Structure formats: C-alpha cells, structure tokens
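Two complexes are shown next, each including chain A; its partner changes from chain B in the first to chain C in the second.
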Partner chain A sequence: MTVLDIRNLAVAFGATPVVHGVDLSIARGEALALVGESGSGKSITAMALMGLLPARASMTADAMELEGQDLRGLSDAALRRLRGPQMGMIFQEPMTSLTPVLTIGRQMTEALRVHFGLSGEAARARAIDMLDRVEISRPADRLRQYPHEFSGGMRQRVMIAMTMALEPRLLIADEPTTALDVTVQAQILDLMRTLVRETGTSLLLITHDMGVVAQMADRVTVMRHGRLVETEAAAPLFAAPRQDYTRILLNSVPRLDAPLRPAPQPTPPVLGFRDISRSFAGRGLLRRSEPVRALDGVTLDIARGETLALVGESGSGKSTLGRIGTRLDLEHDGRVEIDGIDITGLRGRALRKLRSRVQVVFQDPLASLDPRFTVGRTLGEPLRIHQGLAGECLRTRAADLLAQVGLPSSALGRLPHEFSGGQRQRIAIARALAVDPAVIVADEPTSALDVSVQSKVLDLMEDLQRERGLAYLFVTHDLAVVRRIAHRVAVMRRGRIVEMGPVSAVLDDARHPYTQALLAAAPVADPTRARRPPAPMPHTPDKPLSLVSDGHWVAA
Partner chain B sequence: MTAFAPSDAPRRTRSFWWRVLMQPAGAIACAIIVLLLAAAGLADLLAPHDPTRMAAGRPLTPPSLAYPMGTDELGRDVLSRIMYGARLTLRIGAIAVGISLVLGLTVGLLAAYLRGWLEALLMRSVDVLFSFTETLIALAFVAVLGPSLTNAMIAVGVAGIPFYARTAYASALSERSKPWFEGAVAAGAGPGRLLFLHLLPNVMPTMIVVATLGLSNAILAAAALSFLGLGAQPPQPEWGFMLSAGRDFFSRAPWLMLFPGLAIALTVLAFNLAGDALREAMDPRSLLREDAR
Partner chain C sequence: MMARYLIRRLLMGVTTIFVTTIAVTLLIHLVPGDPVQIMYAQSQGTTPEQLEAIRDRLGLNDPLPLQYLSFLGRLLEGDLGQTIRGQQPVLELLLERLPNTLALAGAAMVLAVAIGLPIGFLAAYRRGSWVDSTLMIAAIAGVSVPHFWLGLVLMFVFAVNLGWLPVAGTGPANLILPAITLGLSNAAIVARMTRSSMIDVMSQDFVRTAHAKGLPKAMILNAHVMRAGLVPIVTMMGLQFTYMMGGAIVVENIFAWNGIGRLAIDAIFQRDYPLIQGFILVFATTVVIVSLLIDLAYALLDPRIRRSA
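Up next is the complex of A and B:
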C-alpha cells in the first residue's frame, strides 16, 4: 500500500531548474532516506512535497499523492489541514519549530484540539502520554515549561512527541539529528525508529549523513544536482552501489574501522598546555550566578608533525582549549608553552610576533573570512605583517599559497561569497599556512562541508603535514574523522581529559565509559551492523589520569 | 581536487543603486533630493531675486507669476530665499551629521575594540547623554556657545553622538565576535589594522543608513533651533527662521509659513525615505525577498 507517490517532479526557480524528474514512493511503514550533498535538491524536493516552496518557485509533477489525495494545487488552507494528521514534520533546529513564548503543553494540546477536536482534558492526557513515550521524565510538570527550559536533545524529543501525537501517515524528518551531539543523536534515532515501528507511520528522512541512513532506512534514494541518481534497498546499496556517484559518496564517509595513520617519529613538543583552567563568569539579570568551569586542569603536548584530535560533545571545553592555544583567549589559569618556552604572559607586539607559530582554521568557512576582503588581501595580510612583503612579491607569494591548496591565482581578486564552502575552507587553510606556522589549531574544520568535500580537505591537510612537518590540534566531535586524520586523541568531558592516547589504543581499546559511550553512539555507514541501543551515560566523578599502557591515559 | 567552478553562493544580480532606485521610496527620495541639490547648487542662476534684497517687490505680495511664492514683510522674494535656504539646510545637515558620525563612530568602535574599563567609561557616558533628549542637549549647547548658525550645527551634531555611538558600538561588537575577526587577530594584525581595515569597513554600511536617516533629524533639529531664534540670524534665509518670522503675519500672509514649512517637510521626508530605501537594499533578507518575486 503506497502512502506517498511522486512521479516526475520538477521544480524551477524562475528559469533555473533545480529539481528534474524525481520519482519517489513510500509504502506504509517504510522508511525512505533521501540523501545527497548540498545543492542536490533533496530539501527542495521535500519542500515541494510539504507545499513550502517559496513563491518564486514553479513546480510540475505527473503525480503527487499522499494516501491517494492529490497534493498538486491545494490551497494553503487545505495544506494546513493536511500538515499534522497526514504529514508530520521534524526539522533540524527544534528551537525554531517551537514557539518560544508558549508552554510545551499549550503547543501540544492546541494541535490535538484543532485537528482531532479533543477536549482540553483529553488533549492534556494525550500530551502527557506522548511525552512519556519519548522518555521525558515527569511529563505532567514538563507541560508547564517553555521551550528554552529544555536542552537541544530534549526539545527534539518534544518536537517528535508533538508530531507523533497526531499519528501522521507520513513523517518527514529533515536532518533531525544534525544539530545534536552523537550520544543524543543515537537516542533520538532510536526513539524515532521505535515510534515509527509501533505506529506504522511511513518515514521520509532527509539527510547528508550516510551513518544515519544506514541505521534508519529501508530504502535509499540518492540525489545529485537535482536529479535522481538511484533508488535501492538499503542493504544492497551499501554493499554494492551500482552508480559511481553513490560509490564515491560512500567511500568519502570516514569509517571507524579504517586503517590507522602510521605514528610519526617522537619529537619534542611544539605546543604544550600545562594545567589549563578557564571559567566563564555566569551573569544573571539581577545576581551573578555560579561561574561555569569550561576547563579544569588540562595538560597536553603536541609534537612536531603530529595530529592530536580533541574530541568531546558540546560544552566539553575542546574549542575553548583550542582558542587558548591560538592565544585568542588569554584569560585562563595555567601555562601555554611553545617550543618549551612559556608564552602565557605575552601581550601586544611580542604576542603578535609569536602568532605566526600557531595558526587557526575555523568551522564556518564563510564566517572566517572578512566579507569585504578579497582573497588576495586576506592572504596578503599575514605576509605583510610578518614578512613585510608588498607589491608583486606579495602577489606571487599569495598565488603560490593558493596553488598549494589547489586553487588558481585567478581567485586572488575575488570576494569570499563567490566561492563554495570547500573552496573557502581551502582559502582559510592557505591563510593559516602563509606565515609558515608550526601548529594549526583546526576547530571542526570539515563539519560544515559535504562528505566528498570533507574527504578532499582532509587529504589536503594530510599532504601539507607531510610536506611541512605541521602539527595539528584537531578539534572535532566525529570519531570517524579522528581515525582518518589523527595520530593521538584526547577525549574531553566537562572540561577534563578523560582518556588520551594513540588513536588505536583509545578507539579500539576504550577504557573510559564515556569514550565507550561515544563509540557506541557513532553512526556507522553499514546497515548490517547490529543497532546497539544507546547505553545510559554513567555519571561517575572522574579520577586523575593514570597510565594503562604505552602512552594511553585514562581517568578511571 | 575541486574544480574551480562558479560557486553556489548567491550572486548579486543587480547593482546596489539599482536596488535602491527600484523601490518607490528610493525613487521618490531620489527625485526630491535631486530637486533640492539643483535648487541649492543653481540658486545663483535660477533664483529670480537676491534673497536678502529688501523691497524686491511690495511687502507681503501674495504668490503671483512674478513672485511664485510671494514676498515677505520686507519685500524679499520668498522663492529665492527658499532656494538659497536649501544651501544652508543641506550644509547644516551635512555638518551636523558629519560631527555625530565621526565622533560617534570613534567612540563606538573604540569601546567595542578595547573592551574593559574604557568600554565601560565610554558607553556609560554615552548612556548619560542618551538620557537627555537631543533637543535639550542642543539647547544647552547653544545657550553656552551663543546663538549662531554655526553653533546650532555643532550643537545638533553633538546631540546626535549618543545614537551614532550606540549603533556603531553594537555593530562593531557583533562583527568582532565573528571568526573572521579572530582570524585576522591570529594572522597577527595590530590594533590599527583591526580597527581601520577590518572593523570600520564592516560597520560602515550600517552607519551610512543611520546617517541618511539622521540627516532629516539634524535638519529638523537645526530648523527648530533657528525657529527659536538660537540658530540662523537675520538676514540668513534659513527655513526654520523664515517659519518663525512668518508667524506674525500668518493671518494676512500664510504663504510665509506655508512654503518654508513645506520645504522642511519634503526634505525630511526625502531623507527618511532614502534611509529606508538604503536599509532595504542593504538588508540581506530583502535580497531574498526580491529573488522571491
């Protein structure tokens, strides 16, 4: 029995076609994943289905039916009646889908009353029941709370409860876990799987993450450049993709069972952290609240030519440590050393001179380039400051840097917004290279990129490391990326290092329960792997780090 | 390796000024401002009479072909005075806004860049100034400096500083927290570079909109001061002053108040519309709206 049937869907923005001839069909209780990289048209396809296309878009389709009802040319009012009981939607950022000024209870019961005509009391009972099913404790009390009182993962649970309370025929989930930490992501995916199975709802999952696809989907549709590449059942697609593009996409996904990078020769550390602590003063409206301890006595060394990955979930302090290493954050306790020399107290001119030793690459490549500086000016800036270059000499050197990151010199005269995400990240790397640094702190440098682009940027970083003996402090939340790029890894939680050591030791022989939980939660791009239910996170106080084997430290 | 293809980033399909002019507000504002500039610039050629020459016609002649806006109590041609008045008005606006903009930007940028106790000192001072109405500050200033057109301009300019400083501060603060600013810091850029090459150009678009909207405010404030006799002095053909002088003859010669009043209203309207049109054209969200059409 087909729930959703779309045939030959085409969408154009003005004269520009963005989706051509897409066919989709979903059977009752089936989970279809729509995957593709940015610009593939997967989100546009979903928006067309939901009737949320912008006014400038024009849409044609030979068929577009939900439960046999033609969706084409429905009025806004008719669509509104469909959304909810027929089509439930879950988006990436739950905060934007919940009204901040109304309580959760009000928002949940309103939908139930409007669509099902339930009485206030009945709606409330149903809302409590749903919150209970998404494993939110004390649901009756929670109904009185506002969205901001929930954490990101909790909000997404509420969103799922609200959506599933209406028992939609089709659930459309657009990157539902992309904004969440891995352990939370695993719980949410598990929850969605259970609910979908229990209610017989069909699922259309839109995602870029092959790991999520492998865990959730029965069938997979791959899109690229607005066209359908292939539709196939999940197991054969992952085992033997027929299309080249699908193969490339799958091969680009970093794997947790990939071979390791050989360890570099032991060398003296270039960047060292000694007992670093950092608190952020909490500021309430009327009274000063307790300061938040972002880092608590962290000690680390990074050697020449080495990649040290710093992993942990949001709020673990990994980015703060990176900022302290680049001297963008100077208000901390403890010492920072470069080549064994204490640089903690340096300020002003002395600090600026030293900045050429440690450079930084940020997550969002667009935000990390001055929007009003051409690429040439951005690259020229450090050259001018540290090497006093000017004129033709500067230009040649900047073009040279671009060549090293694989961009032509014609890029020099352009502005950041004229490039794609991957190209911008290359420019940011070129800027970091300009002053010939010893260490680059890379804060989630590939998280905002498509997998195929991520893979190329990681290749580039590896090549540069080999050529120049660069050290990387690589901040990431993705353990598969760690395996791909790092030699050593430090796992952080609540401002402390809980486990540290060579990648093989930490990932293959994790000793700390938190590391084990992270590993268990990481989505694996293999549908045949058993889906392990996420283990509840143990809340044990961490002991000081102790050595368990060669270079492998655990706080347990 | 990625091919160097045109990126997926949004293209600017039309030029900035085109976007400004395509809005009704922008087009109207532009028309009035051009008219105003023409009147001011070509007053020597176009004005039928010397604006200060008394008895150019009989006193209090109603509008006629010879005197399209009539004459005042001293027989001066009102049209000529309005045209020359446009010069004064534009000069007042430009100088007053110039003072507010330069000083406000300096305070705002420095406060946002330096942080710490200087930030607190600068911004709290601005807050104190902000708690008085602009007109009151301007009045106090003129009271100290003495009534003259120049002092009125300075007074209006100084009174505007808090608003410009606040806006520049807020904008600079949000820019400096972005990764590209930290990238420049990491690249080793010193204070001068960070302030003038990075922060200033990124704050300027906002400030241009604020200054355009502020022009109308400044013109109005200066006219008010002149109306109160604290700005322009006779025989300067300043609109606010003309309005005030016309009061005594309102029942017999309403054109003495009508035309200067109209001139002020139109000018203020024009700059307000221009500011709105600029803001709309610079707003990235309006770009999306335009695409959606």
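Up next is the complex of A and C:
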C-alpha cells in the first residue's frame, strides 16, 4: 500500500531549476531517508510536498499523490486541510520552531481544534496524553509553560508530540536531531522509531547524517545537486553502493572503527592548563543568581605536533576552556602556561605579542570572517601587525598562505560570501596560520560542513600539523571525528574531565559511564548494527581523576 | 520575578531623574557669560544692585555643590522655585499645563496607532504587491512632512476655509487639528515599523511550523504573528511617545494650545531659568514614567521577560 507517490518532480526558483526528475514512493509504515549534502534539494522536495514552497518557486510533477489523492493543483485551502492530519512535519531548529509568546498547551491544542473540532477539554486531554508518550514529566503543568522554559531536546519532543497528536499518515522529519547533543539525539530517534511503529505512520526522514540513516531508514534515496542519484534498500546501499557519489558520501563519514593516527614523538607541552575553574555569575544590575560553574579544576597539556580532542555535550565547558586557552577569556582561576611559562597574568602589549602563539578557528567561518574584508585584507592584517610586513612582501606571503590551504592566489581580492563553506573554513585556517602559531584551538571547525568537505578540511589540518609541528586543541561533539583527527582525547562533562587518554584507550576501552553512554549514543553508519535503545544517562558523583593504564585517566 | 523586573526598572528611572537634576543645575552655568545679565539684557533699566539681588535670590553666588543641594532640597519639598516674570510657582504652573500636553500627545498616539498599525500589517501581509508599494510611499511622504507645514495646511483648510474647526486655542474641539497634525506623521512611522516587524516575524521558523500544522492563515496571523510582532512595536511606541512630547512643543505653538511646550518656548525666549529647569525636570519625569509603563506592557506581552527576568 503506497502512502506517497511522487514522479518526476521539478522545482524552480524563477528561471533557476533547483530540483529535477525526482521520484519518491513510500509504503505504509515505511521509513524512507532522503539523503544529500547542502544544496542537494532535499528540503525543497519536502516543502514542495507540503505545499509550503516560497511564492517565487514553481513546481511541476507527473504525479504527486498522498493516500491516492492528487496534490497537484489543489487550492491553498484544500492543501492546508491535508497539512497536519495527512502529512505532518518536524523541523531542524527546535529552539526557534515553537512560537515564543504562546503556551505549549495553546500550540498543541490549536491544530486539534482546527482539524478535528475537538473541544478545549478534549484537546487538552489529547495534548497531555501525547506529552506523556514523548516522556515529558508532569504534562498537565507543562501545558501552561512557554517554549523558553524547555531545553532543545524537550522542545523537539514537544514538536514531535504536537505533530503526532494529529496522527498524520506521513511524517516528514527535516534533520530532526541535527541541532541536538548525541545522547539527546539517540533518545529522540528512539522515540520517533517507537511512535512510527505504534501508529503505522510512514516516515520521510531528511538528513545529511549517514549514521542516522543507518539507524532509522528501511530505504534510502540519495540526492545531489537537485537530482536523484539512487534509491535503494538501506542494507544493500550501505554494504555495496552502486553509484560513485554514494560511495564517496559513505567513505567520507568518519567511523568509530577507523584506524588510529600514530602517536607523535613525545615532546614537552606547548600549552598547559593548570587547575582551571571558571564561573559565570548571574548578570544584572541588582539581580544575584547562583553562579554557573562552567569549568571546575581542569588540568591538561598539549604537546607539539599533537592533537588533543575535547569532547562533550553542550554546557560541558569545552568551548570555555578553548576560549581561556586563546586568552579570549581572562576571568578564570588557575594557570595557563605556554612553553612551560606561566602567562596567566599577562595583559596589554605582552598579551598581544603572545597571541601569535595560540590562534583560533571557529565553527562558523562565515560569521568569523569580516564580510566586508577581502581575503587579502583578512590575511594581511595579522601579517602587518605581528610581522610588520607591507606591500609586495605582504601580498606574496598572503598568497603563500592561501596556497598552503589549497586555494589560488586569485582568491585574495574576493569577499567571504563568494566562497563555499569549506573554502571559507580554509581561509579561516590560513588566517590562523598567518602569525605562525604553535597551537591552534579549533572549536567545532567542521561541524557546519558537509561530510565530504569535512573530510578534506580534516586532511588539510593533518597535513599542516605534519609540516609545521602544530598542536591542535580540537573541540568537538563528534567521537568519530575524534578518532579520525586526534591523538589524545579528554571527555568533559559539567566542567570537569571525566576521562582522558590516548584515543585508542578512551574509545576502545572506555571506563567512565559517561564516555560509554556517549559511545553508545553515537550513530554508526551501519544498518546491520543492532539498534540499541540509548542507555539512561548515569548520574555519578564527580571524583578526582586516577590513572588506570599508560596515560589513561578516569574519574571513578 | 515580575516584581523584581519592575523594581529594577523603577530604580533605573529614579536614577535617570537624579542625573537630570544635576544636568539642570549645571544648565544655568553652561550658557557663556553671566546668566542674569543675559536674562536682563533687553531691560536697560535694571541697575547692577538689582542684578546682584536677583543673583542672590537665585542662589547663583553660592558654590556649585551648595547650589545643587539646595535645589535638591527644595525639589524634595515640591518647590521648583518661582518664575522670574510674574513670580508664579514653577511647579504649579507646569502641572497646570501638563495635562493639556499629555492629552495632545495621547490623542495623537491613539491616532497614530489606529492608522499606522493596520496599514503596516496590511502592507506586510501583501508584501511586494502594489498595495504594499502604495502604502509605503504614502508612509515615506507622511514621515517627510514637517509638523509646522502640515499644521498650517490643516488650519488653513479646515479652520479658515471650511470653518469646521476652531483655528487656535485650548478646548475639546481645538484638540482635533493639533492631534491630527502630530498623529499623521507618527502614523507613518508606526506603519513602517509594524511592516518591518511583521515581515521579520513572518519569516520565522515558528510561523513555518504553524503552516505545517495546517492552521488557517487568519489564525496564524492573529495568534502567532501578531503577538510576536507586537513586542518590538510596543517598545518603539514608547520611544515614539517621547518624540511626540517633543513634537508637541512645535504643534502647541502653531495652534496656541496651552501645553507645557508652549510655556517652555516662552520661557526660553524670556530666559526664565527656573521655568526652563522645571520644564526639563517635568518633561524628563514624564518620559521616565511612560518608559516604565512601556516596560510593563512589554513584560505582559513577552513571557520570556515575565517569567525569567
């Protein structure tokens, strides 16, 4: 029994085609994953189906049927009546997808009233029941609350409850867990699987994450540049992809069972943290609230030529430690050492001079490059300030930097928005390299990039490390990326290191329950692996680190 | 939570007024030259002895901190001194006129919102259409028209030619023309703000969610877009009201409306320092109170402030 049948879908924005020749069909109770990198047209395809394309878009299709009903040429009003009870949609951004000024109860019941004519009390009862099913405690009280009183994961649960309350025949989920922590992601995916199984709803899952695909999908459709690459059952697609592009996509995914990087020669540390603590006080003129302890007695070292990965979920303090390392945050307890020398107290000119030793690369290259500066000016600024270069000399050096990150010197005259995400991150790396640093703090440098691009940027970082003996403090939430790039890893939770050691020891022989939970929650790009329901997050009191084997420390 | 937020705002308001009192004391000394001589420059007959007596009476011979403290002390007793011309108590005079100005600014505000809000909303809803373009061109025209010109034209047409309304003076029927003068240009500002705020809200993720739930368009606009879009508009209206108090000074003088603005202009021309000082203080206090009311409305509209501030 086919729920959705789309044949030869084409969407264009004005004269520019963005999707062409796409066929999709989903059977009752089936989960189809629509996979592709940014710009592949996967979200546009879903919006076309929902009838929510922007006004400037035009759409044609040979067939577009939902439960046997032709969606083409339906009036706005008729399509609107299908949205919700026939096809529901969950979006990527849980933080912004709920209306901030209305209560959760209001938002959950309004569609029930509109589509099913439920009375206030009946709609409320249904909303409470649904919140209960997505495991939100005290559902009746929760209905009176506003979205800002929920965490990201909780909001996504509310979204799912709200959408599933209408019992749609087809659930479209557009990157539903991309913005969430891995342990939360595992819970949400598990919840979606359960609900889909219980209600017999068909699922169209849009994602870029092959790990999520492997866990969720019966069949997979791969898209690229608005075209369909292939559609295949999940198991054979992962085992033996027929198309080159699918193969590249799968090979680019960092794997938790990938070979390790060889350990670097032991050298003295270049960057050291000694007993770092950092609290954020409650802000406000007259308000005093309990200070938040972002870091609590963190000690670690990074050696020349070494990559130390800092892993943890949001709020673990990993980015705060990175900021302290780059001296962007000076309000902390404990000491920071460079080449064994205490630099904690340095300010002003001395601090500025030191900044060339530790550089930083941020997650979002578009936001961290000045949009009005040409690449030449962005690279020239540090060269002028720290190395006193000027004129032709400066230009040559800037072009040389670009060459090192694999960009042509013609890029010097262009502005950041003219580049792709991966190229921008290369520029950000070149900017960091300009002052010839010993350490680069990289805060989620590849999280915003497509996997194939991520793979190339990681390659580049590895090459640069080999050539220059750079040390990386690599902040990430992705354990597979850790395996790919790091020599050592420190797992952080609530401002403390709970486990630290060589990558092989920590990932293959995890001792701390939190590390084990992170590993269990990480989606693996292999559909044959058992879909383990995520372990409930263990709550253990924090203990000091103790040595369990060579260089492997565990807080237990 | 809410009480704490309001107390914080209240304290900030009191601080603002306190700073104003300092500025007001210094004001008299910021004018180059001797203020008393400037005050009496036109009247040739004043003898140096008389000028000295006036200086003494105004306390200008005391050291500056002492001047400030005595000013503050009198202020706490509700005494803002007396006007130089006429020897009337300043505070009494200002408070007698203030309701007229508030009535004018209030009426103009109501008019501006009643016209500007629907227009802005309609333009946002029909974004990019000829309706939108027409309304926004009209709004730009409305913003560009100076008060004094619009006031004179309205007076000429409706009072002089048609004779429907009184030309000038103070009274219920006299309120209409100045309120329209002040309200129209502000309606244009409200319309533009409303349009941009609504367009901003309409592109938000939660509006997409509401569409995906299959809610009717009218319901989305009413419940989701309006509520969220009003938050910045209300903030803007607070600023708007204080601008309007400023605008009232011009309009009051055109229509001979007996507000504090007209009083202030007279005081400035006559260099009646106690009255100017009093005017600034009363004006600042009014602005602070209006801002407080706006903060209250803001908190009522936005649960994030109501619950967690």
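Here is the rule we use: the second predicted complex is superposed on the first by the 552 of 556 C-alpha atoms of A that agree within 3 Å, B and C clash if a C-alpha of one lies under 4 Å from a C-alpha of the other, contacts with A are read in each partner's own complex, and residues count from 1 in each chain.
By definition in this document, a residue touches a chain if its C-beta (ideal position, glycine included) is under 8 Å from a C-beta of that chain, and two chains touch if they have at least 3 such contacts.
Owing to the predicted nature of the structure, the values given are computational and were not obtained by experimental measurement.
S.K.: Under the stated touch criterion, which partner chain does A:89 make contact with: chain B (first), chain C (second), both, or neither?
M.R.: A:89 contacts chain C only, not chain B.
S.K.: Which partner does A:512 contact after superposing on A: first (chain B), second (chain C), both, neither?
M.R.: Neither partner.
S.K.: Contacts for A:208 in the overlay, against chain B (first) and chain C (second): which applies, first, second, both or neither?
M.R.: neither
S.K.: Examine A:224 and indicate which partner it touches, taking first as chain B and second as chain C; both and neither are also allowed.
M.R.: neither
S.K.: Classify the contacts of A:552 with the two partner chains as first (chain B alone), second (chain C alone), both, or neither.
M.R.: neither
S.K.: By residue count, which of the two partners contacts chain A more extensively, chain B or chain C?
M.R.: The partner with more contacted residues on chain A is B.
S.K.: Between chain B (first) and chain C (second), which, if any, makes contact with A:318: first, second, both or neither?
M.R.: In the superposed model, A:318 contacts neither chain B nor chain C.
S.K.: Quick one: classify A:496 as touching chain B (first), chain C (second), both or neither.
M.R.: After superposing on A, A:496 lies clear of both chain B and chain C.
S.K.: Is A:372 in contact with chain B, with chain C, with both, or with neither (first, second, both, neither)?
M.R.: first
S.K.: Which chain A residues contact chain B in one complex and chain C in the other?
M.R.: The answer is that chain A has no such residue.
S.K.: Spell out the part of chain A that touches chain C in their complex, as residue ranges.
M.R.: Touching chain C from chain A are residues 50, 52, 80-85, 88-89, 91, 93, 96-103, 106, 110-111, 114-115, 146, 148-149, 159, 162-163, 166, 284-287.
S.K.: Going by the contact rule set out above, which residues of chain B touch chain A in the complex?
M.R.: 1-2, 4-10, 178-190, 193, 198, 201-202, 291-293
S.K.: Quick check: in the complex, which residue numbers of chain C touch chain A?
M.R.: Residues 4, 7-8, 11-12, 204-217, 219, 223-224, 227-228, 231, 301-304, 307-308.
S.K.: Any idea which chain A residues touch chain B in the complex?
M.R.: Of all residues in chain A, those touching chain B are 13, 38-39, 54-56, 326-328, 349, 352-353, 355-356, 358-360, 362-364, 367-373, 381-382, 385-386, 406-408, 410-411, 417-420, 422-423, 426, 428, 431-432, 434-435, 453, 456.
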